[in-house]
Structures are given as C-alpha cells and as structure tokens.
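Both of the next two complexes hold chain A, though its partner changes from chain B to chain C.
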Partner chain A sequence: MASAISDIVGRLEETCRDPLATARALARDGRKVAAHMCTYTPEELVLAAGYVPIRILGWSAETHRADGLIQAYACSLARSALDLALSGQLDFAELMLFPHTCDTIQNLTDIWQRNVPSMKTIAVSTPVSTGGEAEVVFYRAELERVRGILGKLDAPVTDEALKACLALYAAHRAAMRRLYGIRRANPCALSARGMMSIVLSSFLMPKDDHLAVVEELIAALEAAEIPENGSRPRLFVAGAACSSEAYVAAVEEAGAWIADDNLCTGARAFALQETGCGDPIEELARTYLSRVPCPAKHRPGFDPGAALLEDAQRAKADGVVFLFTKFCDPWAFDYPRMRDALEAAGIPSLLIEIEQHVPPSAQFETRVAAFVEMIDTKEESE
Partner chain B sequence: MTICAGIDAGSRAIKVVLVDAGTGDILGSGAQDQGVNQAMLARDLLDRLLDEVGGNGKSVSRIVATGYGRNLVRFADSTVTEITCHARGVRRLVPDAATIIEIGGQDSKLIRLNDKGAVRDFAMNDRCAAGTGRFLEVVATRLEVELDALGQLAAQSTEPAAISSMCVVFAETEIVGLLASGIAREDIVSGVQASIAKRVVAMAGRNVDEPVLFTGGVAMVPGMAAALEAALDHPVTIAPDPQITGALGAAILATQQ
Partner chain C sequence: MAGERIPIESAKQLMKLMMEYYMGAKMAEQTDQKIAWVTSGAPVELLHAAGVIPIYPENHAALCAAQKAAVGLCEAAEERGFSRDLCSYARTEIGSYLTKSGPMGGLPKPDFLLCCNNICGTVTKWYQELQRHFDVPLFFIDAPFIHGEATTDTLDYVHAQIKDVVAGITEIIGKPIEDDVLHDTLVLAAKATSLWSDLLDLLAHRPSPMSSFDTFVHIAPIVVMRGEQRCIDYYEGLTAEIRDRIANGIAAVPGEQFRLGWDNLPVWFKMGALSKRFSQHKACLAAATYASAWAQMIDPEAVDDMLREMARAYLMVYINCGLEKRLDTLLHMVDKFSLDGVVMHSDRSCKAYSLGQYELAKTLRENHDIPTLVLEADMNDSRVYAEEQINARIDAFMETLAAR
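== the complex of A and B ==
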C-alpha cells in the first residue's frame, strides 16, 4: 500500500517538475486556458466560462525582463511571474486574472496589460474587508460583472454550468481538507515535499482530474498502516506562497515533521465554507469571503495571532516556521501579533524570508536545523 | 585514551578540538585556513592534532562536524549546526553566559541561552556580508594593512568615519570616496568596526541579557569587542580562545552522543 501511495504522490510530483507542461498540453489539445495569480481568484466562474484555470507562481529563475518594469523591492512572486509572461512561457493562456489582494498584485494588472498584449487581463475587485453583508453585495455585483466579461468571450455562463463547477470545487476542497487531516494525525503519512506537490499540482491540473487522484490517494492512505514516528519535532509552516516544494522539503529534511500549514499554497487555499444558498453567484461570493482572511484582507475582530495559535495548537506543533516572501508587506504587518501570540503560549518560532525563484540556501538549512536542534535540546544542559 | 573530536568547517578557517571521551577535558586544538577540499584539510588538521596528543585515528571514538561546510566533512559521524555548538562550547568555558555574539567569516549570529545553557532563541544576518568578518578583510585589503593591525589602527582614531552603506560592495565604494577626500585610515577602520557592530546589534533588538560573550574568528580582531560594547551599551567579554568555541561544542556533543 505504501508503494501505491508513493506512486500516486510521485505522479503529482512529476506534474510539478515542469509546472506549465500540463497547461501547455491542454492548450495543444484545444482547451482554453486562463492563468491567475492568487487563491482569491473565483476559479469556478472561470471554469464555468469554458477555461481551465491555472495558478501562476514564481517559476522563472530569471527576473531580468520583469526587473525593467517593476522595482526590485516588489516581491519575487510578482517579478518571477511577470518574467514568465515576458519570456513567452505563458503564451498558451488566453486570459490572465488578477484578484485584488495586495497592492503589488493589483498594480501588476496594469503592467501586465501594457506589456503582455497576447493575454487578455481581467481585474477582479475582491473586497479588502471580508466580514459583512455589504461586502457580499459588492462582491456579488463584481462577480456578475466578471461573468459578463467572460460570457462575451465565448458563450454566456449559465447558472447550471456554474452550479456544477461550485459542486466540483466544494468536493475538491473537502478532499484536500481530509488529506490535511490525515497528515495532521500522522505527519509521517505524507512527506512535506509530497504534500506540497499535491497542493501545487491542484493549481496546475483540471480540478476533476486532480480530485480523482486525491480520492485515490485518500483511499490508499486510509487502507495503509503507517507507523507514527514521534521522535521528531512537529512543525507548523506559516506564510503566503511557496512556488516549489524545495523550501518545505528542506524544513523537513532538517529533522522535523511538518504537521500542518496555513500557506496560501497550502491549507489556506482549501479553507472555504460553502453556504449552500441557491443563487450560484451569491454562493460564490459568500464562499470566497468565508476564507480565513489572509494578511492582505481584513475582517473586523479577527486576530491573526489567535488564529495562528489555534491552528498551531490543533496541529500539536512544537514550533512554527514562518516562510515569508521577501518584500511581502501584508505578512510583515501581521507578523508581530502572530509571533507574540505563539511566544505567550510557549511555542518557539523562526522567521525566514525567501525569494520564490531562488532555491533554499545553505544558510536557510542551517537556520532551520538550528531551530530543530533548539526544540530538541530545550531542556538539556551539559 | 579515547578521544572525541569536534570539527568546525567555517567559511574562512577549519577548527578542530580534541577532548577526552570520558572526562570531556580539552586535549588539543588547532585552526587552519579554509580551502577547496575541506574534507582533506579537516582530516590533515585532525591527524596533526592527534599526533601532537599521542593519539591516532583508532583512538577517536566519535567525530561531530559543524560550520557551513559540515556536510562536506563526510568522515564525521554526525553534524550539528554551529548555533548549537557555540552554545555548548561557551557553556563549557563560561557557564553563566546568557548571550553569545558570534561573528565569523561570512555570517554573524546572536544566540540567547536559557539558564541551562541551551539555545533559547537565535538570529542570523540574512542580508549580506556587512556584519561579518568578510567586511574587515575587504577593508584591510583596500587600506593595505594586515587584518591583525586593524585594531591597533582603529585605536588611533580620533574621529571615526560614518559608514552608512548596508552592503559590503557599496561600503567599499564609500571607503574609496572617504580615502579620496583625505579621511585618515584609522578613522575609516574605526568607522567600519562600528558599522559591523551596529549590524550585529540590530539583530539583538532592545533586550540583551548579560553576560554577553563574543566568539568566532572576528573576536580575535582587536577593537571589535570595544565596538560591540559601544553599540550594544553592555559589557562584552571575549570568550577564551574564541575561534574554537564551535569546534569545542561539537567535541563535547560527540562525547554525549
């Protein structure tokens, strides 16, 4: 059974090895592809309009083309993704969607529009505040506007098509949450590299295909008896995006298990609550606004420190590793509250800034290894 | 006699410490410049030291490697990061130490210890070489003085120059400008030492527990401890034989594994 698990995970790791290959093949087969930059993109609407949505991350190791258009203190996610487009590597995609999350992504929309004429750009005004009914009204209207734009490109987006896509995505998110639960119960069940590959491949493949693989994997995991290995510290990884498996794999290879995360290329991507209301556009609006707010969003009364602490305690984490993308202001603003909440509860944390397109350095490995040693030897003395 | 060895493969030098496996007493130590073939250099230094203490390869029961090149010392039995090793080494030498500042060739660290001498928290420079020994080397070359003479030169300074660049490459350009405008070498060196100290202090934040121990190769550069004291506003003690603290910690850990 263990080999069945590694076979399935291996297939998804293979998908991530050349992240754009799947989408390129889909386009060659005549499927229409829409790219986007953020988990707040309402993919259900895009799929209902006949496009396969794929999420773009920092996969270009070079950024010199983008560096001529964006300042060096914009995050590597933006610079690397733009470089992919400028080098023609996203030519298979007809659309590029930008939900308004942080300022960098919002302003990237205009830069993209001017400099990547082969792609039609669509900005989606996602409310910054996600707590109340006014935001639902606003977002509902915005989604109707986007539905109209998409509908004019080909055929109108019907309620039936949208409902089918909502159901597919709800099932996919539920399956991913189940997978996260399995890992939380026993982090030895899925390696950090494997888990990240599963998540990243979900952004790269048609959702129905991915759901089938994940269901197959869950069945294999539930049938397998995987012994727990309690000798390593359990870590929780917090942060925004990770464009590759390398960083979380390096954390685990330092001698820890990753029990859970709140990455937007991780658990956060699937932490949405469906309401089951009849109107599909309203359902879409409410579902996306239900997400545990990322630091680029605001919900009155929401305390990011308390939320992270709750997640870390649920994961029985011995420590938290913050993986921040350099120059990501929203996370930097929330960091002190998160760190203080952990510290008050006696959970040590380590903050490391990463560049999305640069592999982990020797210093990264040393810092994580020292953190793991610190947790391991907290009570030791000579 | 059974011996445990600690090897610290740093960016600038390899350090080896031998301890008695039973008592943990230090038997010998040495350092030599780093090179391309780290494993070979480490082996040569280890063999030389073993020879000095009347031992040989067979008398070594366990070897722990640390430092940025630790994974290249493949003949070691295990590896431990330099953060843990410096904490262990300092604990042996100065049992009540609360804070360690370690400045090596390519990075600097601030390590806070708990009352048992274990690492409570740590920070490492992650920007560039501006807070490290490499900066001093660049400056020494540019000012045409030996590294050892920097402290003596700095002591003669009456008006330390302000070095404001956050990056060694830009700082070197800044120094070229200072030289061109007739600023004395001693004032530049003094300014550079203060600049390195400030980078390190920036990692410490507002709270520093005493006693503060200074380790790493840069602790041997005269004037640096004084620069740290001035920037930190706390007394700073140079650890005994500061360059080998990491290797000593590794050797002690080898006796316990």
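== the complex of A and C ==
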C-alpha cells in the first residue's frame, strides 16, 4: 500500500517538477488557460467560462526583465511572475486575472496590462473588507461584471455551468481538507515535499483530474497502516505563498514533521465553506468573503494571533515556522502579534524570510536545524 | 534679480498654527473631547462636523522625520518585531507610542480610529494594529482601487460604508451629525481646497515664487485642518504673500533656469539638502503630484447628497487610481507648469505610490520625450538614503537637461 501512496504522490510531484511544461501541455491539448496569482481568484467562474485556471508562482529564477519595470522592493512573487510574462514563458495563457490583493499586486496589474499585450489582463476588485453585507453586495456585482467580460470572450457563462463548477470546487476543497486532516493526525503519512506537491499540482491541473487523484490517494492512505513516529517535533508552517516544495522539504529534513500549515499555497487555499445560498454568483461571493481572512484583508475583530494559535494548537504543534516572503507587508504587520500569542502559550517560533524564486540557502537550513534542535532539547528537559 | 533666496514669511505663522493644533489636541486628551486618529485620505469632514479632533499619525511621522527623530522611533518598532521593510511612517508611529516619545511627547490617545484604504493597503494593516493596541473602535472604509473608471457599484459600496461610519460616530458622540453642520464643513473644506489648488497654480509663474519644497512644508494645514476656518485664514495669508513675491519678481530659486516636477512623498529628513542641490543647478521644483493630491476634493455644489459626493471624491484620489490616470495627471502637470523634467522619488516605504513609477518614467521618456530621474530613497528612514549616489544622479541628470 505504501508503494501505491508513493506512486500517486510521485505522479503529482512530477506535475510540479516543471510547472511551465505542465501548463503548456494543457494548452497543447487544446485547453484554454487563464493564469492568476491569488487564492481569492474566483476560479469557479473562470472554469465555467471555459478556461483552466493556473496559479502562477515564483518560477522564474531570473528577474532582470522585470527589474526594469518594478522596484526590487516588490515581493519576489510579483517580480518573478512579471519576468515570466515578459520573457514569453506564459504564452500558454490567454488571460491573466488579478484579484485585488495588496499594494504590490494593484500596481503590478497595471504594469502587466501595459507590458504583456499577449494576455488579456482582468482586474477583479475583490473587497478588502470581509465579514459584512455591503461587501457581499459589492462583490456580487463585481463578479457579475467579470462574468460579463468572460462571457464576451467566448460564450456566455450560464448558471448551470457555474453551479457545476461550484460543486466541483466544493468537492475538491473537501477532499483537500480531508487530506490535511490525515496529515494532522499522523504527519508521517505524507512528507512535507509530497503534501506541498499535492497542493501545488492542484494549481496546475484541471480540478476534476486533480480531485480524482486526491480521492485515490485518500483511499490508499486510509487503507494503509502507517506507523506513528512520535520522536520528531511537530511543526506548523505559517505564511503566504510558497513557490516550491524545497522550503518545506528543507524544514522537514532538519528533523521535524510538518503537521499542518496555513499557507496560501496550502491549507488556506481550501479553507472555504460553501454557504449553499442558491444563486451561484451570490454563493461565490459569500464563499470567498466568509473564508478566514488572508492578512491582506480586513475583518472587524479578527485577531491573527488568536487565529494562528488555535490552528497551531489543533495541529499539536511544538513550534511554528513563519515562512515569509520578503517585502510582503500584510504578513509582516501581523507578525509581532502572532509571535506573541504563540509565545504566551509556550510555542516557540522562527521567522524566515524567503525570496520565492531562490532555492533555500545554507543559512535557511542552518537556522531551521538550530530551531528544531532547540525544540528537541526543550522537550527532553520537560 | 538673481540673488539671495528670500524665505517665505508665513512659515512662522505656520509653526504657530501647527503648535496650536497639536497642543490643543494634547490638552483635549484630559477632557471629554473626543479624539480620532485618521488616515490622510479619510473623509475627515465627518469628524469636524461631529466636533471630533482628528489626529494624523502620518503627519506626525513626517514631523518626526523632519526633526530627525524618526530613525530612533523606527528602531523601537523594529525591536518589537516590525520588519524594516514596512512603511516608515507606520514604524515611526508605532515606535512613538511604544516608547511614548516623539517631538511632542507622543500623540494624544484616540477614542476611535478612522481608516480609509484609498491611499494604500499599509494603512489597513497599520490601523488594525492600532485598534488592537489602543483597544478602541475602528471604522474602516474600503475604497476599491480604480483601474479604469469607477463603476456605480463601487461608488455604492463606498457610499454605504460612509453611511455606516456616520452611524458609528453618532453612537460614539451620542448625537447625530447634523446635515447643516456637515454642509458647512464641506463648504469650508472646499474653500480651503480651492485656495490650496490656486496657490499651487501660482507656481506655474516663471520664475516660480515658491517651490514644491515649500509646498511640502505648507501642506500641513490642508491635510490636518481641512474643514476649519483657521485653515482658510492661513492660506489666504500665504496666497497674499506669494502674490506679492510674484509682483516683486521674487523667485524660489533665484536665476531659475529649469523647472521640474516631483512624484511621490517628500524625503522629509533631506528637504534642506535636496532643495539646495537643485537650486545649485538653478532648478526649481515647480509641481508635485503629492501636493496636488489635496487639491482635487469635494464639489461644494453637489451637496444634495453629501455622503455620496464624499464617496466619489475619496474614491478617486490620485493614488487610488491606476497608471493611466497617473500618467494623464503627470502629462497635464508637465504641460501646465512648463516642466523640463520629472523627478520620481521611488519611496521604498510606499509601494502603493512607487510601484508603477518605472513604467510611468519609461512612458514619459519614450513616448513623450520628457526627461525623468528616478531617485531610490525613503520619506522617513534616513538609514536607506545613499547621499553620494543620489547627489551624483541629480548632478548627472541636470547636466543632461542643460545639454538639451
């Protein structure tokens, strides 16, 4: 059974090995591709319009083409993605969607639109406020506007198509949450590299194909007897995007298990609850706005420290690794609160800033190793 | 005519006015008088109409930088865990309340907070942090970024939120904001705004009677006292002085040969040195997008639905609009003020203002033959200011202008 599991995971790892090739293959197979950069992208709508949504990450190690158009203090995700587009490597995608995210993305949207004429750039005005009714009203209207734009490109987006996509995504998210539950219960069940590959491949494959593989994997995991290995510290990884498996793999290789995460290329991307309100556009608006707010959003009364602590405790984490993208303001603002909430509960944390297009450095590995060792020693003395 | 630089007299009056404002707010801290901390792009007229004293952490942060006190405060915030890459206004202010220090011994505590994200996403995060620190109500207005034209739905959305803010403030002060009081405030604000706008227009005169380095200093009242009579009084005095300077041929830069525009925030801790550097090249900064940001506000005649008009005005501020609109504004500015080039301060603190400047500079240069100079710096954090490099770039730029 273990080999069935590693077979399936191996297949998904293969998908991520060369993400651009995977995406290009889709286009070669005659699928229309729409690129985007954020988990707030209403992918259901994009799919209903006949496009396979692909999430672009920091896949270009080079940024010199982008450097002429955007400052070095824009996050590496933005710089790297722009560089990909400028070098023609995103030629498989006809569309580029930018849901409003942060100051960097809002300006990148216009830079992109003016410099990447081969793609149609669509800015989606996702509200920054979440949790109230005014934003649902607004977002609903905005989604209708986007639906109109997409509908003009090919055929109008019908309610039926949209409903089918909503159901598919709901099922996919539920399956992913189940997978996360399995790992939380026993982190040995899926390696960090494997889990990240599963997540990253979900941004590269048509969702129905991915769902089928994930269901197969869940069945294999449930059938297998996986011994627990309690001797390693359980870590929780917090942060925004993560462009490759290398970072989390390096964390695990330092001698820990990753029990859970709240990465936006991770658990966060699937932590949406459908509201079942009937009208598909309203459903879409409510589902996205009611999710746990990402740090770039505002929700009255939301305390990022308390929220993270709850997640970390649920994962029985012995420590938290903050995997931050350098120059990402939203996360950096929340950091002191989050660190303090953990500290007050006796959970140590480590902050590491990464550049999304650069592989983990030796210093990264040393710092994680020292952190894991510190937790190990702490636990032994307790 | 080319001779000594003659300082602007009203500057003394300005000092007094700002002292009064901050002292007044400090005194009010001990009383029942409500105080609100507010972002520079928030609809402050609501606060004035409600009799609430608005306090601008951004203005205070700039003041700290001008008095060379910002770095120490930033360091206090960094010590606490706030990244050095975050906006230095936010770091300065966080440091100020953590250490209870600053030029005026720190700002008076807020009773509530009013934040509008029409200037940046930084304030969204900054005010969340303020809310948690002071544990007071936060009113947040989400003004969606406008890539092309604002849709009616966007306007409806902001309008609905402003109505909610009115209800929230009403609850805090215990009485409604009266329509006629709000109307009077809007009229006062509009009057101040148009005075400010006309004042900036006077800089189109050759030679320019004052420079943008001056307007950056004299901008304080329009930011923090818009909607108050004393703001109008101040600008009437300043306008008279500037008209006098024009009549007497007094130039901000004696012997002015070049006229430049400025984009983005000032470098608060280097105003004197930068002003001198450009003056040495006989270059006057005659226009700035930053100063004009407070020159295009509410239409006082559109008062039949005041809240909606406020929503429109605050939604459409320069920095909340995409590059097309910014480019238009820059081109218009070059034309109106007969500029020979544009200096862009790439301010690493302010991603909202800065990212996109390379594209704007490229377009100005390549499509419109307008020389541009991009300076990498920061408005408050002098630790990232590479003095020699910046001076060398200014000198080289001025040489190319001279050669044209």
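Throughout what follows, the second predicted complex is superposed on the first by the 378 of 382 C-alpha atoms of A that agree within 3 Å, B and C clash if a C-alpha of one lies under 4 Å from a C-alpha of the other, contacts with A are read in each partner's own complex, and residues count from 1 in each chain.
Definition applied: a residue touches a chain if its C-beta (ideal position, glycine included) is under 8 Å from a C-beta of that chain, and two chains touch if they have at least 3 such contacts.
Please read all numbers here as calculations on a predicted model, not as lab measurements.
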item	value
Contacts of A:T366 with chain B and chain C, given as first, second, both or neither	first
Partner chain(s) touched by A:Q71 [first = chain B, second = chain C, both, neither]	second
Contacts of A:T15 with chain B and chain C, given as first, second, both or neither	neither
Touched partner set for A:M374, first chain B, second chain C, both or neither	first
Touched partner set for A:Q356, first chain B, second chain C, both or neither	neither
Which of chain B and chain C A:S244 touches, first, second, both or neither	neither
Chain B versus chain C as contact partner of A:S80, first or second or both or neither	neither
Superposition-derived comparison: chain B or chain C, residues of chain A touched	C
First (chain B), second (chain C), both or neither touched by A:A296	second
Chain B and chain C contact sites that coincide on chain A, given as residue numbers	none
Touching residues on chain C, where the partner in the complex is chain A	80-83, 85-87, 90, 117, 120-122, 124-126, 128-129, 132, 138, 140, 142, 144-145, 147, 151, 153-154, 156-157, 160-161, 164, 322-324, 346, 348, 351-352, 354-359, 362, 376
Touch list for chain B against partner chain A, complex	68, 80-84, 88, 91-92, 107, 114, 116-122, 124, 126, 252
Residue ranges of chain A touching chain B (in the complex, touch as defined)	348, 352-353, 362-363, 366-367, 369-370, 373-374, 377-382
Chain A residues within the chain C interface of the complex	68-71, 73-74, 100, 102-104, 106-111, 113-115, 123, 125, 127-129, 134-135, 137-138, 141-142, 145, 295-296, 298, 300, 303, 326-327, 329-330, 332-337, 339
